[in-house]
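Working notes, beginning with the structure itself.
As written, the chains take the letters A, B and C, and residue 1 is the first residue of each chain.
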Amino acid sequence: MNRILPILVVLAAILALWYAAVVPMNAGWTIAQAQRAGHELTFLDVVADTMSQDRPRLPAPHQVAAELKKTVLDTKVTSKRSLVFHGWITLQSTLWGFALGTTVGIGMAVSIVYSKTANMSLMPWAIISQTIPIVAIAPMIIVVLATLGVEGRTVPKAIISAYLCFFPVLVSMVKGLRSPGAMQIDLMKTYSANAGQTFWKLRLPASVPYLFTSLKVGIAAALVGTIVGELPTGAIQGLGARILIGDQFGNPLMIWSALIAAACLAGALVSIVAVLQSLALQRMGYAR
Amino acid sequence: MTLVLAALVLWMAAWLLNTRIAGSSLASSYIGRVAVPVVFGLSVLAIWELVVRGLNVPQVILPAPTIIAETFAAETGTLWIDFRQTALKGAISGYVIGCLAAFVVALAIDRSTFLRRGLLPIGNFVAALPIVGTAPILVNWFGFDWQSKAAVVVVMVFFPILVNTVQGLADTAAMQRDLMRTYSASYWQTLLKLRLPAAMPFVFNGLKIATTLALIGAIVAEYFGSPTRGMGFRISTSVGTLELAMVWSEIAVAALAGTLFYGAVTLVERWVTFWHPSQR
Amino acid sequence: MKKRVFAGAVALALGGAPAFALDDLTLQLKWVTQAQFAGYYVALENGYYEEEGLDVTIKPGGPDIAPTQVIAGGGADVTVEWMPAALAAREKGLPLVNIAQPFKSSGMMLTCRKDAGVATTDDFKGKTLGVWFFGNEFPFLSWMSQLGIPTEGGSDGVEVLKQGFNVDPILQGQAACISTMTYNEYWQVIDAGLSADDLVVFKYEDQGVATLEDGLYVLEDKLGDPGEVDKLVRFVRASMKGWKYAEDNPDEAALIVLDYDETGAQTEMHQKRMMGEIAKLTAGSNGALVPADFQRTVDTLLAGGSDPVITADPGDSAWTHAVTDAALN
């Protein structure tokens, strides 16, 4: 209770602020429309209208909730009009991208820890790679993959999401694999352990706490990558595509509900990784 | 095909050269540390050039680096205008506003346990959200010029810095705080002399994450409406007219600017947190 | 979908077309699935492509997908593109050729608010105008250059905005005028609550700066191969049949489009209305390009001010009647 109460209070405050902001954000349009039509409006009329516009600048929370109910609960999940369906499309690419990004990140980290050449040549470029605007590359990735005969949008989206996801994993894993001290490594040497044994029995287990911390960042980054891949490249399905189409057809409720759905997805994914983290760390005997 | 084979050979030669440098006494010198990534980068560019020419990849799919370099050199004027619009006006102003706001809010939260308990989980949650999705909404609210781009950047950088700063402020040991109390230090003295310096490694971690987010946020926002200049504007319109060399020139500018920005923050970090084990 | 299977079965039963040796063909659209492309979806749904022995895949586009780039990469056989962008790509060394022109008229216009003080083209000076880019800005730039209005801002010129994908700039007063299509964005402005009386529209057709819109383009080398030409002939014939069906049955066509929309975001009302407006643009075209229209497009583009999209008349090699002649006779 001691932990939940503050969160609830803050959430309530955010909701109240949101409602309070709806009136000034949308009132301009209400008043302009009334002037064109030659109506007189009381303050209450204005407030009522700002809460129920078709294309508000800022939709009221209950409007977003109604749209979410309509597209999540009242629509069959197999329907193209269901947000669950689009969330599933986004989730698939995210998970593929996450798997790919994590594998690449761990692989690079291992090679960086074991090869001085890789360390010196790859590390600076890994940082530079993250400064490249991925949105600019996304359409080109799709075209190039189509040239290579890869159809569909799942693979290109997964690559974009892996691009954002591998970096945090790489950085943490390098730290984690290097975390055993000289003393521990010396101890392995006195056991006459070979390189493989040192890796599997010392370095890898030592890096697990670092890995999980970075996986939480990585899965969120993978989701961002998928949505960026869906957003301007005209992906046909997925939450990013809903944001784009909502923008194009002037349907802010669609944008907001897709954003909230993406937020829930992100929250769920990060929580799942967090649960796995505490399970794994408990079993491995890291007292948490 | 010979060009592609040449690319392979070149790749192995460059790697061999790097291994030699890394294994020699140069490795720990400044020259060695710069030379290895440079050789690596140059070999990637050369391979790109050879493969594109060797496989006859159309210029409208992937232009060769030399052609991108030519365009870059010929269009420096346009690139500078775009850079000023997106990076200087949009990204940097958003970055500064976002960082300051997050820092101030973090200090405020830190004074109240209740707020910290309430806001931190929510801040953590929001930091993981795909904030880029708000770009169309913010462009709608703040208009087409750099202000809306700065707004996207503010929202993107705010939460990582908030979360890191709050975490950092909590990073002092009870013993250290007790010591401050025995000196009868006030709240502000404890903050300035102990807790803020101790928080700096965390703050800089957030600041570094935010540098890469800033430029990307400003560029994405331009896809949803902009004046007729800006890096995102140029990238999206140039793709439409198949001026791919221009697109890659802008990407190069973005990478260059992002790297310099990141480097600058790292330098400041080294100067501020010289005492931290990771900097020694 | 059922109809496709059914049509295939009929073809089989009649022993007509070689039903299991369908030729594959991929069509890249210029934009997302909507009634603007109804003809192709109708031809697919009603089995016209199958009757011609074609297995057609329709790929929707999007704001960042350049159809010209997709076709250059071999991701499509035929693409729907606007002529200015296609000719620009041709100058960049991508030999695109127009094989058919289902859209006779241009649907592009500039929609302005009266209360922003715009009544005639003389009033543009000093105003902010929203324009689409991505290759669609060239007709606008030609028009402004013919009016003698610089597009760099200032009191004598106009301030140009790169408009996003929606009509908000005009609703919120960020721009005095925005680009709209007769079949889409104009109606969004109306839907949002502005009435037709609040607005002034300048159709590119009326201003004499219309450029040809949705045409079918292929790479030149395809036209040298008789087998490929035969495929294209069958494709164009079935597509035009689809277009004429869509013109005659707009509501049904709109519903077919809706079935193929994978975003699930399009609405019946929008699509039916769009189809009604699209039918006006395809009316009067049998699919064959009218050379005079082509020349007008080229002239408009060549007049495109200081930075024209094309620098030279591409000549008659940029289009052909070979396919439409065979398809329509």
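By our rule, a residue touches a chain if its C-beta (ideal position, glycine included) is under 8 Å from a C-beta of that chain, and two chains touch if they have at least 3 such contacts.
Predicted, not measured: the structure shown is a model, and the values here were computed from it.
Colleague: Using mean Cα positions, find the chain sitting nearest the overall protein centre.
Modeller: A
Colleague: Hey, which pair has more contacts between C-betas, A-C or A-B?
Modeller: Top pair by contacting C-beta pairs is A-B.
Colleague: Comparing centres built from CA atoms, which chain ends up most distant from subunit A?
Modeller: If we average the C-alpha coordinates per chain, C ends up farthest from subunit A.
Colleague: Can you check how far apart subunit B and subunit C are, centre to centre, with Cα atoms defining each centre and the answer in Å?
Modeller: 39
Colleague: Using mean C-alpha positions as chain centres, tell me how far subunit A is from subunit C in Å, no decimals.
Modeller: Taking the mean C-alpha position of each chain, the two centres sit 35 Å apart.
Colleague: With centres defined as the mean C-alpha position, give me the subunit A-subunit B separation in Å.
Modeller: From the centre of subunit A to the centre of subunit B is 18 Å.
Colleague: Using the touch definition from the top, which residues of subunit B touch two or more other chains?
Modeller: 61, 136, 140, 223-224, 236, 239
Colleague: For subunit C, write out the residues touching at least two other chains, lowest number first.
Modeller: Within subunit C, the residues that touch at least two other chains are 63-64, 66, 69, 73, 164-166, 168, 172.
Colleague: Could you check subunit A for residues that touch two or more other chains and list them?
Modeller: 57, 139, 143-144, 147, 232, 244, 246-247
Colleague: Give the list of subunit B residues in touch with subunit C in this complex.
Modeller: Touching subunit C: residues 58-61, 136, 139-140, 143-144, 222-228, 233, 236-237, 239-243 of subunit B.
Colleague: Considering the complex alone, what residue numbers of subunit A touch subunit C?
Modeller: For subunit A paired with subunit C, touching residues are 29, 33, 36, 54-55, 57, 79-82, 85-86, 138-139, 142-144, 146-147, 232-237, 241-242, 244-251, 254.
Colleague: Within the complex, which stretch of subunit C touches subunit A?
Modeller: 31-33, 60-66, 69-70, 73-75, 164-168, 171-172, 188, 191-193, 195, 198, 261-266, 270
Colleague: Once bound in the complex, which stretches of subunit C touch subunit B?
Modeller: 63-64, 66, 68-69, 72-73, 85, 88-89, 92-94, 133-137, 151, 159-166, 168-169, 172, 174, 309
Colleague: In the complex of these two chains, what residues of subunit B are touching subunit A?
Modeller: So the residues of subunit B touching subunit A come out as 15, 18-19, 21-23, 27, 32-33, 36-37, 39-41, 61-62, 114-119, 121-122, 125, 127-134, 136-137, 140-141, 211-212, 215-216, 219-220, 223-224, 231-232, 235-236, 239, 244, 247, 250-251, 254-255, 257-259, 261-262.
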